[in-house]
Amino acid sequence: MSDDWTTERMRRIFDEVKNWGRWGEEDEMGALNLITGEKCAEAARTVVSGETVSCARELAVVPSPENPNPALHMMLRAGDDCLVPGVNFETTGDFVGVAFHGMATSHIDALCHVFVDGLMYNGFSKGEVKSTGARRGSIMCARDGIVSRGVLLDVPRMQGVSWLEPGTSITIEDLERTEAAQDVRVGEGDILLVGTGRDARREEYGPWSPGEVGLAGLHPECIAWLRDREVAVLGSDGVSDVLPSMGIPDWFMPIHQCALVALGVHLLDNLRLDRLAEACARSGRWAFQFTVAPLRVNMATGSPVNPIAVL
Amino acid sequence: MSDDWTTERMRRIFDEVKNWGRWGEEDEMGALNLITGEKCAEAARTVVSGETVSCARELAVVPSPENPNPALHMMLRAGDDCLVPGVNFETTGDFVGVAFHGMATSHIDALCHVFVDGLMYNGFSKGEVKSTGARRGSIMCARDGIVSRGVLLDVPRMQGVSWLEPGTSITIEDLERTEAAQDVRVGEGDILLVGTGRDARREEYGPWSPGEVGLAGLHPECIAWLRDREVAVLGSDGVSDVLPSMGIPDWFMPIHQCALVALGVHLLDNLRLDRLAEACARSGRWAFQFTVAPLRVNMATGSPVNPIAVL
Amino acid sequence: MSDDWTTERMRRIFDEVKNWGRWGEEDEMGALNLITGEKCAEAARTVVSGETVSCARELAVVPSPENPNPALHMMLRAGDDCLVPGVNFETTGDFVGVAFHGMATSHIDALCHVFVDGLMYNGFSKGEVKSTGARRGSIMCARDGIVSRGVLLDVPRMQGVSWLEPGTSITIEDLERTEAAQDVRVGEGDILLVGTGRDARREEYGPWSPGEVGLAGLHPECIAWLRDREVAVLGSDGVSDVLPSMGIPDWFMPIHQCALVALGVHLLDNLRLDRLAEACARSGRWAFQFTVAPLRVNMATGSPVNPIAVL
Amino acid sequence: MSDDWTTERMRRIFDEVKNWGRWGEEDEMGALNLITGEKCAEAARTVVSGETVSCARELAVVPSPENPNPALHMMLRAGDDCLVPGVNFETTGDFVGVAFHGMATSHIDALCHVFVDGLMYNGFSKGEVKSTGARRGSIMCARDGIVSRGVLLDVPRMQGVSWLEPGTSITIEDLERTEAAQDVRVGEGDILLVGTGRDARREEYGPWSPGEVGLAGLHPECIAWLRDREVAVLGSDGVSDVLPSMGIPDWFMPIHQCALVALGVHLLDNLRLDRLAEACARSGRWAFQFTVAPLRVNMATGSPVNPIAVL
């Protein structure tokens, strides 16, 4: 990191991009407000072939360096004992459980997932997030789904590589050169997906520890750019932040801190973007209808999701 | 029930509507095959206002007569202790777990959820569903999402009542009169949603036990109709079947047994359809783009979902 | 309830019996301090026949009026798929999960389970119990097990009935008459088990809702008696408190509030005492060695347990 | 491994030590039958000081190389929101969940945990262990607790080392020399605990992967010795077996396979024995009363436990 990136500079950026109050004192939707009905309808009109592509990874039930707290998938009743006693009805069932934050599960972060100085988006206090659930900033603001235009910027493809090395910072220039290469422009209300090639690297080397080895992500200079472009939601095959942390004191994950808290921009972490990139490349179109449907979990800090692109 | 509805008659229907082999011996998608790219693109074109409406209930964490096995939502870290040790980063997190089948959670049934005579859709053996997960017929066939035209048939509205009483059988005539009243026709590849007014009744009386008090659902005569209309997916605010069971021996839940096993039609149970009905009534349109995005849980018998209608 | 039982009177009792500071300002063991090595050794000497009797109910995985949040027991691998891939090793496994507080699971309450005016035993603040776990008053104070003399007072047997009706208050006189009938005297460091016949009643009528129908328990006048007798731990087949609550404002569960908070007496709830009563009656001895071995869960508010009496 | 240890030799040992039928065709207790009331009473008489020592590790909620599937401990209600709505009652609660088998949780293996050639102890079929629970060989045979004389053999102490290196095989000679050094003799109905110094090594180097780095355990020649001595239960700070496996084809974990299946000897895995060893050394006595109280989980393959030694 350049020495220019100080705590003070981050604080200045944080203050400058803040959307607090922009949509009212009680607002909990943040930049989702940018997805108007018109924007959503416009997104539907981008559909051409009707091909659908999931941007989620399989639920991460297998422990690995990137998955220290595996999700639970347990059968309750299988074919060996499927007969419901009393009636001649044969059925099976299972249980799914997950602590979805972290580096392995495709999930959406609610705005209450991160605080800066004890405050979340729009100035609500951390005290609103109790041991019994979040009274403010929960994922329920997205309960009716997030449907807008998605734009995938596949940075490694633009650079002619298979993946960005862990720890790589993606700059504004990288984003704009990728826009140019893909002939697309990120605009107001868009869901921006930034590909770093994480899936390709994992396929080659197996999973690694993001904390120790790192992940490619956005340089904090991109925060102002996200604000300028009026992005509604930001997603990545990583976690949008660069890891290991750039080490700016008090700004361990500047993208998380500024996007969620200052901008009110929800984050999609640990997506799988390789299949989408391939479909986009095939079709020559990098914008598409994109749907995120969080589970309606009252007072939750986010949700596991399976975001769907329709091309 | 009329005495005409015998085990033998059900068996005959089951055999007549069977889609086994129709899309190949190895097929696990069933009637999802009816949702072609073209159908999906056509569904996107139904979008006018861009209003999105969730058809899921809140995750059912509170025990009730309809929810004997409540879902788990537990905070892992709240605002009272949000500082990650070592770095000055403030974060919160939680855990979500659910045995989603039953009568309380909005979920999709995978084709392996039910067997008839030990066989699931396309003739795969119940032995394929093991204590460690389903090798065949899992929800992963819908991993790229289900996006098609949704059609809501709001039967109580057509009848001028707020809800159908528990135990009511919806007939073909009911469905077709509702089509006529709403000026819509269910067709090939559609996701059919049948409203019974369950939410309105619960709002009035509180939750009840579907097993004891009952639910309105489709009369088994509708099975052939579902096949004729080439419905891709069937959903309801109940569980599509009438409860208490009509009592045809060996056919405890004939819609579940015939839709999942014979037709290969996935089921959406315990939806919330009152908000969608209101939006449809307001807009005068009962067809819309409909997206179901199951969690990508390998070898699962279904998934909790938050289906989204876009009008 | 007599009108004599006012908030002020309860407060006076609470203050009078308080053990705060008795074993030091930092003490978190409370009345477990009364179980000295000598006491424990003496308890071992009560063993005669070597018969062991569990005082736990089966883990309550089945929903019922007394069990609105059932425990989870799920197989991970059964006989249908037991071969560990790679080696010819056949194994099975499962998962157990439980929110053990409530009215269905045999469990021990840690001292941090209840506060009065925001304080737990020994004056520690409720703020010590965080969303990430209890820093003070956790069950880890009993991590080396609780082994002492147990005394069962089988109140309905003394009264010549099969059970006490829900809502019955057990008085000091009841306790002492039972002592006399059983020729036993509760003393310093003892684990006192009070039987109310709940199991017999459940066997007769099936489970009921303790909140609505009630449970027999100790009248708050017994609190001073528990202090006089220097009881170390208190257990019951109910929850020691009378339900429905006697309705003293601010003292919803006076036994829980005074035992855990004032006395530092751990509570054992929802035990199964019928088998033990039978064994005691058979042997003519109502005192025995009693072992409670909480799971070593760091920062937990208690633990599911299977307490064992050795006669 | 010596080449003498062939599949055939293991099979011969397995057949020679088999206790099948010894306690009846329907028996599910296995060697627990050796713990008679008399034996249990005798164990109580070994108590001198009344010191209690837990032999369990803390519930392993933190991921590590030995703990790829961490246990769950989640607060349901903490001090920040402890007031039960409606009544002025302040309470906290939590949830505990664990897949207890593996290399991190102190647990007991039920006899149904392992099969040889599809059969468990006493010849019951693997088919008895269904996706819905174990019909035979479950931990419920120990529902009234296991209370007997415990004997700790601290092998590294006898050898003058802090721990045995991972992969070390403990021989009959090692066991008998330790007996001699400690002046104790393992006999009928005893619970044998074999210390390998795993805790000391972990304290020094941190946790390691037992699968990759290994664990010290009993050489398969000890199986006949366990039978000769009529051991009732076998425990270890490791998993009793040597890891990595000695590599005898079809006998991946010969101690597990012969103890559980042939002998009907329950196993206690991942105990913490360092504190007990210290207490024994201090008191000069290596035999003590030992209590294992499995949770009463119907149809379970074992249970997390906190075994308690009383000296």
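Should a chain be cited, it is by its letter among A, B, C and D, assigned in written order, with residues numbered from 1 in that chain.
One rule holds in what follows: a residue touches a chain if its C-beta (ideal position, glycine included) is under 8 Å from a C-beta of that chain, and two chains touch if they have at least 3 such contacts.
What you see is a predicted model, and the numbers here were worked out from it, not measured in a lab.
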Check your understanding: Which number of steps is the smallest that gets you from chain A over to chain C via touching chains?
Key -> 1
Check your understanding: Looking at A-D, C-D or B-D, which pair matches A-C on over half of its contact pairs by residue number?
Key -> B-D
Exercise for review: Can you check how far apart chain B and chain C are, centre to centre, with Cα atoms defining each centre and the answer in Å?
Suggested key: 44
**Study point:** Chain centre separation in whole Å, for chain B relative to chain A (CA means)
**Key:** 28
Point to revise | Inter-centroid spacing, chain D versus chain B (mean Cα positions, whole Å) | key: 46
Practice item. Spell out, as numbers or ranges, the residues of chain D touching 2 or more other chains. Key: 72, 75-76, 78-80, 95, 127, 130-132
Revision key, fill the gap. Chain D partner, complex, touching residues on chain A are 63, 68-70, 75-81, 127, 130-132
Exercise for review: Could you pull out which chain B residues touch chain A in their complex?
Suggested key: 36-45, 47-54, 56-59, 61, 72-73, 75-76, 78-80, 82, 84, 87-101, 106, 112-116, 118, 125-134, 143-145, 147, 245, 249-250, 252-253, 257, 289, 291, 293-308, 310
Point to revise | chain A-touching residues of chain C, taken from the complex the two chains share | key: 72, 74-76, 78-80, 95, 130-131
